[in-house]
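Just so it is clear, A, B, C and D label the chains in written order, and each chain counts residues from 1 on its own.
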């Protein structure tokens, strides 16, 4: 069975997927199998340049990214899917800027021509893996595969920056909710904490550990305030910063955070009935073992709806 | 080509045209165009001297046609037509070439191109004008009744001015009471007058005025006709109350068990019942039953209001009424909607309980509001010790509205003053620029400085409840760059007020379409001229006043209401209007009676005369669009002033430089 | 003006409705938006008045392209004149195609009174497109504009039916 | 919108090198960017001041400031700017200009960037950007000890760290594309 109907997903795994983010790669493959999602890896794809190449020389950076778009289009893809937010935004930005700026389009294609390639902007839709799961598979499609709901696990969805900014239009730029709904679909208790789309520090760890560790601290502090058992991410960079530098944060600030950082695909796999090993749980530095024991077989009791305080003033409804 | 004596006048418009078009060269060149007797250029053709030039030439040189090349005909066509008429020339023998908006202003850096284009446009007008026919404007009587749409302060002012002059007014208001946004306010800047104290007497005057028919809870549904002779259909929504029996005693809404949030008058900060009168001073005094929320209409049970009404005024079976009026002129004063700050997610409105909009705050500090004037947090109890007021919310922001809403600076200052006066505490105004440019406004700003209000020059970046450092817990943190020191600041406060801007009514485009007027790019109604004709529109007989034309404060709205009324009164006083004689006529002798034109006409102005087997245009109904003219397969319908010959000649004229080239052969 | 070289500068005739597109052009002027000077415009009350014969007349007499601009569908000052224009111009374009006139030479667009920017963009784009096509070449056998008008008229006779 | 007029002021240079950069002239100095920036407090000048300085032609001060290098690329400023200026992209441009103008020697960040792209240009793939460990392993082992050798070891033990990136098959093609792009970029700058 395939849920691909009408889509041909060119899969762009990104450089980190084999090593640092192997858990992301393994769990993505696993849930894709269960969901009947066919992700066709773009053959011989190259690095997107991260944020570094654009800092050095923009035109080669665009050409570097565009090679992947050209290869994917050549393989008949209708969209390119990236699990990494940084890869995603680079692919998205290249397609968009080539579309909006004919001069850039001409220059990039002159460069691609040296490799006998060509890319016509707008040929492909660049999308994040989360977008595919919540919009193409859909919440109902996900719910249908849930066999072991994650009852009573307090999950803090962490979106970070680049999946929603600058202008991908897939979710709210300041207060995204798609992953919240996905986690609810899996049976988890969603922690709606304010910093869910704030920055993890990105490459700041290389430049100023003072700045980077403070940014990571804020996120851990906020998630801990809201009693999250686990933070769930959509990007290898976010996962790395929050996971690998958590010990440094504790040392620097005298704190004692122990919040495991998992990929959304890993917790999906668990809810689909896979073992932690199936979804590469154990690769994280801050172990998720303790958090996962919180999962219960029975759903949590529905909190009693508190009667409105008579004196309180009405609140505006949120726009959906 | 007919032989005529054409006078051509090229306007410099100071540097506006002469800066990009070689006007002398165009005037000189035009002398060589067929039929041209006189060709001149002049600094300002619209000046009295410019107009006299035309008049003299008509008289002395015997001109039979006149062409002026200057600005848009929407600007000065009337001016020059009148000049021709004064000199005894039929005004429709005049033609205008727009070499300013369509040439000099759009090709400013290319004198050659702008001049060539000006020549083409002049040539088009010269070729066309010789085919123009003298036409007589139709003089039609004006209905003395004026329709005013919108019962806010601008509409109230307009209605009273006209009614006081002795003419009938129909005032239509969508809500159950007149008063508009001004009725929601507590104090008005900069004098801190009580809003209700100055508004209520005017509302009462409207209710009592013998010349005003007040239709609240009503909307205009259909508009037909033309200036002086509109026929307007108004839907008077069923109040479910027999007004004749109702005393406005209030028993019904005191007993009504159904409470809902009042999104209109209380701006969502308070509740009302399903049967309600929006506020104590409402005009008229009668309540309405909101059938969307009333338990009886939803479930078929309840009727509590009916049980308790001492006069038996509740009428659940009352139906909407459609009323038709003959109307001479219309004044639209439909007001504004407040910008919805939920659209700016970083400000947290709707998520963070203690972030309020400015209208919520107005209701809160209003003695007749949901908190009886107590300044409290969303819990309804806690008095804030510190308040942040955020300027420019939804204004001066290309993501939402590029324009400045003009009133927010001043009402933000008023809020700061009220906080200081009522609860003391710290007040922070976050601003980009403080704009206080009217009488007494800057002085009010200085007064606030003396009161110790903090002014932070920086647009707020975000409002969050996420504490980062000690002192921030449990507070709202307002984060911005204080641009005067170049540093990021996080200021913890108890309450945030978002000074939300003004937006066109959500249905402004539809209302505009109903009355045949347009909206500008920001969505407000377009005035006829931004400086010299701010209350008229391009459609004769339709005027605009107040914020529906653009953001403005109360004094400016009142002035526009009175201004629009004055314009209408001058039309009524004259008793008749002249209609453009741009009408279609059918040459009945050659009409085949196919009736295609009958179905084409959007105004059903063409009747089929069964006896004669021909179609005939009713000139009173015809608006001159010309659709029938183009559709007639026998080509026997003439569209006056836009005839086939006139436009064809104009095409030849604009193609003057390529017209006589041989047609290129195919390859 | 060269007829075949790169420096070909097309002449476009524009028909602008009085209520929307003429005012859009005025607004473009008031906003000092630059656009190519190739368009020579003629004001009509409504695109519903647009006589296809005028398009033919303009093309026959030296215009390289014709632009017709009206109010947006649903916003016509005369209720639905622009819908009539859509049908008429589409019929005309079919005829023109048979006569070997490229599609881009005759264009129907919408610009409301507030769309000065869009007006300037439309003129820019149309000018570029016609410039790229080069000068207009009629088929040899159809040089008499009255034949053309008759051909168009034959199509239009079916319109009301 | 008024564009750079083809001029060659510093402002024009920045505008020209940024897709959508012409909006820079619209800056109202409101400070939304500086107020939004997660690393704003650590910057020499706030982005807002950088734009004022760019307008004023203070090229040296702008290009030697740490501001663009401290940009974490979170795009908060970009999505909140009321004038829709692509601020983050302008920061990328400033980094690029700083390198071109040789104003970056003291900047650890640019050094790191160049190290990173060295891998990309030779292998077509890279290592994990956030792994300072590997960078410091080669360049500053002492620093590595401070940053937490434990973390590096843990990463290695969990198989999360490779030392040499994989190499793509058609490396020649990629190199041709990049060489050509660099050549075009140079033409444009000249």
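Just so we're on the same page, a residue touches a chain if its C-beta (ideal position, glycine included) is under 8 Å from a C-beta of that chain, and two chains touch if they have at least 3 such contacts.
Only a predicted model underlies this, so the values are computations on that prediction, with no experimental measurement involved.
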Checklist line | Set of chains whose contacts include both chain D and chain B | finding: A
Notebook entry, point to check: When all chain pairs are ranked by how many C-beta pairs they have in contact, which pair ranks first?
Noted result: A-D
Checklist line | Inter-chain centre distance, chain A versus chain C - centres from mean C-alpha coordinates, in Å | finding: 50
Check: So how far apart, in whole Å, are chain C and chain D when each is placed at the average of its C-alpha atoms?
Finding: 49
Check: Centre to centre, by mean C-alpha position, how many angstrom separate chain A and chain D?
Finding: 22
Next item on the list: Give the residues of chain A that touch two or more other chains, as numbers and ranges in rising order.
Entry: 173-174
Item checked: Touching two or more other chains - residues of chain C -> none
Next item on the list: Find every residue in chain B that makes contact with two or more other chains and list them.
Entry: 346, 462
Margin query: Output every touching chain pair, sorted by label.
Written below: A-B, A-D, B-C, B-D
Next item on the list: Over in the complex, which chain B residues touch chain D? Could you list them?
Entry: 346, 392, 396-399, 432, 457-462, 479-483, 486-489
Checklist line | Residue ranges of chain D in contact with chain B within the complex | finding: 28-37, 40-41, 45-46, 48-49, 76, 80, 82-84
Next item on the list: Could you pull out which chain B residues touch chain A in their complex?
Entry: 261, 268-271, 340, 342-343, 345-346, 349-351, 353, 364, 370-371, 376, 378-381, 462, 464-466, 468
Check: chain D touches which residues of chain A in the complex?
Finding: 15-16, 18-22, 44-47, 49-60, 62-64, 67, 86, 97, 100-101, 104, 107-108, 110-117, 161-162, 165-167, 173-174, 198-199, 201-211, 215, 236-237, 240-241, 244-245, 247-248, 251, 282-285
Checklist line | chain C contact footprint on chain B (complex, rising order) | finding: 72-74, 98, 100-103, 105-110, 113-114, 116-117, 120-121, 124, 513, 516, 518-521, 526, 538, 582, 594-596, 599-600, 602-603, 623-627, 629-631, 633, 639, 642, 644, 647-648, 650-652, 654-655, 657-659, 661, 663-667
